[in-house]
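To keep things clear, I will list the structure first and then write my remarks on it.
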C-alpha cells in the first residue's frame, strides 16, 4: 500500500490546510455575528422575529440537529466490521468542513450590508447542508480516499446551495424537512458518483463489506439518535408556533408507524422470518425522510402515520430486492443503501408534498412542488456525474479494490489487525507471562 | 430452531401490521393537533398556560425523556453478551408502538370536543407510558418472543392508563416523577409476568445469561444517559417555575448521593471489595426512581440526597442478596433485576411521598398517597398475572430454553456467530497457560 | 492482587460513605432552593434576571454540559483496551461526588442569607468544577486507586474554588469558557500529580497501555459529544443575548477549523501519512479549549477560527513529539495526553484572552488577564504537587506496576478475561460446523 499512503501524505494535508486557510479568509471578508436587525428570508420571518427576543431560542433545536449530523450519521455508518474509524472519523472531517463551506455558499445569496450575519438559524442551515454530503458519503463508503471526499464536499455543497436557492426562493416550494433538497438530492448525487466510480472487482461481495456483532451495535447508536431527533430536523426552520408543533408531531408519529412496518416487512422477507439488522438500522428512519416536505402541513397525525408506514415498507423492500439489482445491472454499488433510506423515501416525500399542496393542506402550488422535486433530482444526477468524473481522476489516492472497506489503509493500523485476528503465544512459567505476536493479516492471508 | 422461526414469519408480521393499521384508524378518528385552547388537566394548568405562549416550551424536556426511553432503556439492556440486537432493537419496536397506544389510552380519558389534541405535554406522557413496558421487558429479557412482547405492550399500557387515571384524577395523589405509577407498576407487572413464564430449566445459570467486556460498556451508555436526563424525567410535567426547579434540583442531588452509596456498598459486598458492573449499571439510578414522587416537594436538597443515598444501598443489596432468592425460592427469574432498580426504589419513593405529604411538604392527603401506592401495586400484580397467563399460551413462538438470551433465534445470524463462538483451552500449570489461534471464519466458510 | 483488593474493601466503602454523609450534613446546613430573589454575581446579573422570568431558561445548556461531563469525559477515556470500566465508571463516581463538593466550595463564597441557593446557573458551575478533576484524572488514568482519586477530588475542587474566586471576583478577569481556570488548571494540576506518582517501571510501554479497535470507537463517542456540545460549555454562563450568541458562534467555528488542522497535521507527521486515532480523539477538541477565554469577545468568527486552527496544530504536534519527551525526560507520564488537549490549548486561550482584551475586544485589563493565567498555573502546580505527595502515601491501595491500566484489579473480573482471549476450533467438512466450549476463567484461575 505504500504508493497510496505516500499519496495521502503529499495530497491530504496540503488540500486540507489550503481549504481551511481559504475558508478563514472568506470568513474574514464576508462573515459577521448576527445583530438581530436583518430582514427575514422568505418563510422565516417569524423565526427571526423569535430570535430578536432571544437569539438562542432555536439553540436546543440546533443541538438536536448537530447530534444527528455528527453522532447520527457518523455511527450509522460504523456497521462495517473494519471501517469504523473512517465512518465516524471522516464523517467528522467532512461535516466540519462542509458546515463552514455551506454557511458561505448559502449566505452569499442573502448578503446583508455585504455580510453573512451568523445566527442560530444560519448555523442550523449550515448543519443541514452537511447532511447532503454525508448521505452521498454513504453511497461511496469504503471505496474513496479522504482527498476524493473533500473534493466531493466542495462541489456537492456548492451545487446544493444553488438548487436550494432555486427551490426556496425562486420556486417558493415547501420543503421544511428537506425530503427533496437534502435527502433525495444527497442520495441521487451520491448514486451518480458511485456509478462513475463503479468497481467491477467488487461485484462479488468483498470480505470486509459486512458487519460483526459489535459493529452492528455501534451502528444502532447512530440509528437511534437519528430516530429520536428527527422531529427537530423537520421542525427546526418551521414557523414558530402551530406550524412548528405540527412538524414535530407529524414526524414523531410518522417515525413510530415506520418502525412497525419496517420490522414487519423485514421479518416477512427474511430467511425464516428473522429480523435483519440492515433493515432495522435504516428502514426505521425512512418515515422521517418521507414526512419531511409535509411536516408542517395540516395533514393530520394519521396522514403522517400513513406516509411513515408506506416509507418503512418501501425502504425495507428496497434493501432486500432493489439494491442487489442496482449493483449487478446498473453498476451502482450503494454501500449503505442510501437509495432506500434517502432516495426513494425522499421522492415519496416530494410526491406527498405535491398531493398535500394540491389538497390545500398548505399554501403553495402543486406545480412548483413538482418543479422543486424535478430540480433537486436533476441537479443531483448531473452534479453527481460531473463530480464523479472528477473524483475518478487517478491521482487522488483512492484505495485498490482489495483494500476497500478497510481502515488500515488510511489509519495507523496497530490496532486494526488486533481487532479481528490475533495470535497469542504464552510462554511457560508460574506467573504465566503473555508474549504476544501479531501477524500482518493482509500479508498472511495472501501467503 | 426452524419451528420457532417459521412461527415468527407467520405471526409477527401479521400482528405488527394489523396493530399499526388499527392504530392509524384510531388516530384518524380521535387524534388532532393541539390548538392551544384546551383546558388543563388537574395539576397541569400552568404547564398548559406555558404552552399557550409557545407550544414548544417543553420540547427540550421532551427530548431528554425521549433519549432516556430509546437510548437509555435500550442500551442499558445490551449488557447480555449475545442479546444486544434484541435489547436495543426490540426496545425500539415496543416503545414505538407503545407511545402510539399510550397516547390513545391516556387521551381517551381527557377528550376535548371528542378529540385527543396532541401537545408536547401529551407526547411526554406517551413516552412515559412506554417506560412501564420497557421496565417489564427487563424482567423477561431473553425469554420471550417479539409476538409475546407486543401482546404484553397492548395489555400493560391499557392497564397502566386505568391506574394512572385513578391515581391522578380520582385519588388526586402526587407522583410527578412516577415512582409509583411507572416504576413500581412496571416492575411488579413484569415480575408477575416473569413468575407466570417461569422456566425451571434456567434455574442453573444459562451460558448466555451474562456479559462480555464490551457488552458491559454498551450498557454503560444506557446507564449514563438515564442518569443524566433523570432530572428531566422527574420535572417534565411539574408546574413550571419553582416546582419544576425543585424537581430538577432534588433529582440531580438524589442521583449524585445514590452513586456514592451504590459504589460503596458494591465494594463492601463483593468478592475482595471489587466493584460489580451490574450494581454500577443499575443501582446508581435508584436515586432517580426513589425521589420521583417527592421530586416537586419542598423536602430540601439534603432530603432528596437522603432518599437517593438509601435507594443506592437498598438497590445494591437487592442485586446481591434478594435476586437469587426470588429466582430460587419464588420462581421469579428477573433478568435485569428490575425489582432492585424500579421495584423497591419505586415503593421507597411512594412511602417517601406519604411521609412528605404528611409533613406538609406538598398539598395532598397521606391517605390518598398510600391508596395510590396500593392501587399501583395491585393493578400491576393482577394485571401482570393475567397478562403472563395469556403470554404463556404455547403458540406465540417463545424461544426454547437452550435458545434463551440469544439473538440468533430472531435475528439473521450471519454475524452473531463471528462475534461469539469461542473455545478456551487451558493447559496445565499453576497459573494456566492460554494458547489461542483465530481463523478467518468467512474465508473458511467458502472453502 | 489480594492485598490491594482487601485494602479496597476496608478503605473505599468507609471513605465513600463518610464523605457522602458529611456532604449531606453540609447540604442540610447550607443549601436551599433558589427563590429567584438573590443578587447577581459579578458579570451574571443578566443571566439571573433571565432566570427570574423562568428559572429553567438555562436548563438545555446545563444538560449539554452535563452530557459533556458524564458521557464526553467518561467515554473519551475508554480508549484503553482493558480500562473501560474504570474510565466511564470512575468518571461517574468522581463527577457525582465532585459536583456536590463543588457546589459547596463555590457557594461558600457567595452565601445569600447564610444559604447557598441552588439555581440551574449554580448547577452548571458545579458541573464545571468537576471538569478540573476529570481532566487531572486523565493524566493519572490507570495508575491510581479509587481511594486516591476521591482524595484528589476533595483537594482539587477546594483549591480550584479558591483560584476561581480570585480570578473572577478579585482580578475580575474574563474566562467565560474557562480556558484558564478549568482547562489549564486541571491539566497542570494533573501533571503535577502525575510527576509525584512517577513509576519508573512504566518507562517501557505497558502491554495494556494501548487501545483495541472497538475501544477506540467507544472513545469516539466521548470525542464527538464533547465536540458537539462545546458551544454550550463556552456560552452557558455568558451574558444572555448577543454575548451568548457570540460565545456559541465562536466556539462552533473554532472547533470546525480545529478539525481540519488536526487531521492535516496528524497525516503530515504520521507514518506513511496515515491518520492516528489518538490525534483525532483529542486534538480535534483543542479548538474548544483555546477559544474559551475569548468566546464571548468580539473577535469575529474568523478570529475564532484562527485560534482553533492553531490549537489543532499545537495539540497534534504535542501528542506526537512532546508527550514522549515529558515521560522520558521529566518523569511526567500523561496517560491521556491532557497536556496536549487541555494544558497547552488552555494557555493558548489565556494568551489569546490577554491579546483580545488589550485590543479592546472586551472590557477588562490585559494585566488582570495575565494575572489570572499566572494564578491558575500557580495554584495548579503547587496544589497538584501537594496533592500528589498525599496520594503517594503507601496505604491508598494503589495498583502495582504490572496491574496498571487493568480493570480486573478493582472490578469483578469474570468477563474481563473472556473478552480478550479466544480460540476458534473448526471441524472438518464442507459446511464446517463450529464446536464451542466456554470455560469459567475465574474458576480456572483458582485451580
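By written order: A, B and C. Residues from 1 in each chain.
Note that a residue touches a chain if its C-beta (ideal position, glycine included) is under 8 Å from a C-beta of that chain, and two chains touch if they have at least 3 such contacts.
Keep in mind the model is a prediction, meaning the values are calculated, not measured.
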Open item on the list: Can you tell me, using the touch rule above, whether these chains form a line, ring, star, complete graph or other shape?
Closed with: complete
TODO: Tell me whether chain A and chain B, two copies of the same sequence, contact each other through the same residue numbers or different ones, using over half shared as the line for same.
DONE: different
Task: Euclidean distance of C-alpha centroids - chain A vs chain B, Å - done: 32
Open item on the list: Which positions in chain B are in touch with at least two other chains?
Closed with: 60, 214, 221, 420, 431-432, 434-438
Task: chain C residues touching chain A - in the complex, by the definition given at the top - done: 60-61, 64, 207, 210-214, 216-217, 220-221, 224-225, 227-229, 232, 240-242, 244-246, 248-249, 252-253, 255-257, 259-261, 263-265, 267-268, 270-277, 280, 284, 298, 300-302, 305-306, 309, 421
Task: Touching residues on chain B, where the partner in the complex is chain A - done: 1-2, 5-10, 12-13, 16-17, 19-20, 23-25, 27-28, 31-36, 54-56, 59-60, 63, 66-67, 70-71, 74-75, 78, 82, 84-85, 88-89, 92-93, 96-97, 99-100, 118-120, 123, 146, 214, 218, 221, 410-416, 418-420, 429-438, 440, 442-443
